[in-house]
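The following pair of complexes shares a single chain, subunit A, combined with subunit B in the former and subunit C in the latter.
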Partner chain A sequence: MAYPMQLGFQDATSPIMEELLHFHDHTLMIVFLISSLVLYIISLMLTTKLTHTSTMNAQEVETIWTILPAIILILIALPSLRILYMMDEINNPSLTVKTMGHQWYWSYEYTDYEDLSFDSYMIPTSELKPGELRLLEVDNRVVLPMETTIRMLVSSEDVLHSWAVPSLGLKTDAIPGRLNQTTLMSSRPGLYYGQCSEICGSNHSFMPIVLELVPLKYFEKWSASML
Partner chain B sequence: QCGRPRFDPWVGKILWRRKWHGRRSIPFKLLGILDVENIPCARDSVLYGSLGSVVAGLGHFLLTSRIRRSCDVGVGGFIVVTLGCWFHCRYNYAKLRIQERLAREGIKNKILYESTHLDPARKQTNGGSSSS
Partner chain C sequence: MLGAECPKPCKGKWPTPPFDPRFPNQNQTRNCYQNFLDYHRCIKTMNRRGKSTQPCEYYFRVYHSLCPISWVQRWKEQIKDGTFAGKI
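Moving on, here comes the complex of A and B:
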């Protein structure tokens, strides 16, 4: 989950998010070097007494500052495209869960085997128990098996919402009349928090998502208890 | 656990310092963006780059006695060496991650399927004995 004064990403829980973190590191290093170079050039410009007001041509430097950025962009684009296609790979999900956005809560349906559906409302601040997280806890968490590929079908009953879980690298728009699909695979058990990511009204900030990833046998016990 | 606000006279503003899960909440970032503490290979690349910058700049100055051009060579050396170390280290890191994943899956399969017909060790032994 997020922590106060956070600037970077949350720790990765899925292989895709790990890849995204590494791509971010790679791009950030390139940005850091370009920023260093620009700062150095600015300091040079500010500390020179030389001026040149009659430049007619500058073929060499123009060649360099065309070719070099092209190379840098290729170095960024290739890993980016690789991850883009990786995110769309077909990976045979074992379970399908539908999530519907409402104003202002999420509802979930597990209909692969039996008819299991429930709503997930945020727990108001006044009803939180000690140690629980403000604006993040819900009454019914989405319990899912870990290390299993899960298909999430996301849609909405009213206005636009967005189902997002940052530590899994997921963000899928919930559009009324449209079914969007994303796949989820967690490498480890735990609680993973997210929040609605598309403005949807007055309580847009108060419809969080909590995934509880557990070993398969606990998931089976939970689903049996919910029926 | 909340920390109390601390007034830092050097910065001139109130800084909140919080301990969150036993780690510092604000890691050190070069130019405010590059987290050299937590990004794999970042610290080594920047250190090697700095060393390369000093060597290149100093070497150029000793050869030519031109200060400004030596500084330019130093900065260029920093960028080239940092990038080179970065790509080399990240490539090896990626190979290591793949090996770790294969080892982890191999151990998991071994534990799950030991003494069953799916045991990877049993398949290899059967393959070896049938060929002899």
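Moving on, here comes the complex of A and C:
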């Protein structure tokens, strides 16, 4: 989950998020290189007594600083589009889970077989046990099997919300009357935290999401116990 | 109701609705609604012809997996009251 003084993204939990991390590293490096070059040139310009007032044409440098940025943009666009198409690949989910946003909690429905549904409220700060995370823990976590492709359908029962889990690279708007689909695949077990990401009223900051990714056998035991 | 087999290429029990190329994008609202309509139309037609409604189970499984419970309940109420907007 997020930690104090965090600068970068959370550790990736899905292959797509890993790709996004690498892409971000690549693009940010380009940004740093260009910024340092520009700052260096500015510093050179400001620290010399030499002047040159007779520039008439600069064909060569104009060509270079047109072609080079075009190349750099292509070097950014190609990996970006690769990841975009990767996110859109047709995969065959093994499980469908629905999440409905409410003011101010999420509810989850697992209806592939029986009707399993429950609400997930934030645990108030005054009721936290030692070691639990403030504003992030919930009473009923979303238990899911790891290493399986899961279809998440996100909607809302009242106003706009957004269902986000940063370590999986997921953020999907919850819109009343609309069913938005996203795909969830976690490479490892664990607890993954997220928060509502669309302003939805007074307790918008107090409706977190906690995914508990477990091996399939534990998921089956849990779902049987929840019915 | 749980007797539907999964569509042809797969073996075993029903896992979850397969990819439907009629609804390839993020917005799956119509996928849910269309299968709900198709189930009720299928039941109505099969009953009218006196045939078994077993083939309709596929549509049931799909809409049951995809549609939020509250939507299904609301639509069922509307069908009972005669105010459902879809053509069944």
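To be clear about the criterion, the second predicted complex is superposed on the first by the 225 of 227 C-alpha atoms of A that agree within 3 Å, B and C clash if a C-alpha of one lies under 4 Å from a C-alpha of the other, contacts with A are read in each partner's own complex, and residues count from 1 in each chain.
The working rule: a contact is a pair of C-beta atoms (placed from the backbone, for glycine too) under 8 Å apart; a residue touches a chain by one contact, two chains touch by 3 or more.
Remember, it's a predicted structure, so these values are computed and weren't measured experimentally.
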item	value
Partner chain(s) touched by A:Pro93 [first = subunit B, second = subunit C, both, neither]	second
Which superposed partner A:Asp139 touches (first subunit B, second subunit C, both, neither)	neither
Partner with the higher number of touched subunit A residues, subunit C or subunit B	C
First (subunit B), second (subunit C), both or neither touched by A:Ser117	second
Contacts of A:Val31 with subunit B and subunit C, given as first, second, both or neither	first
Touching partner for A:Arg178 - first (subunit B), second (subunit C), both, neither	second
A:Met5 touches, of subunit B and subunit C: first, second, both or neither?	first
Touching partner for A:Glu157 - first (subunit B), second (subunit C), both, neither	second
Residues on subunit C engaged by subunit A in the complex (per definition of touch)	2, 14-19, 24, 26-29, 31-32, 64-70
Subunit A partner contacts - residues on subunit B that touch it in the complex	16, 18, 20-21, 25-26, 29-31, 33-35, 38-40, 42, 45, 68, 72, 75, 78-79, 82-83, 86, 90, 94
Residues of subunit A defined as touching subunit C within the complex	90, 92-96, 98, 100, 109, 111-113, 115, 117, 151, 153, 155, 157, 172, 177-182
Subunit B contact footprint on subunit A (complex, rising order)	3-8, 22, 25-26, 28-29, 31-33, 35-37, 39-40, 44
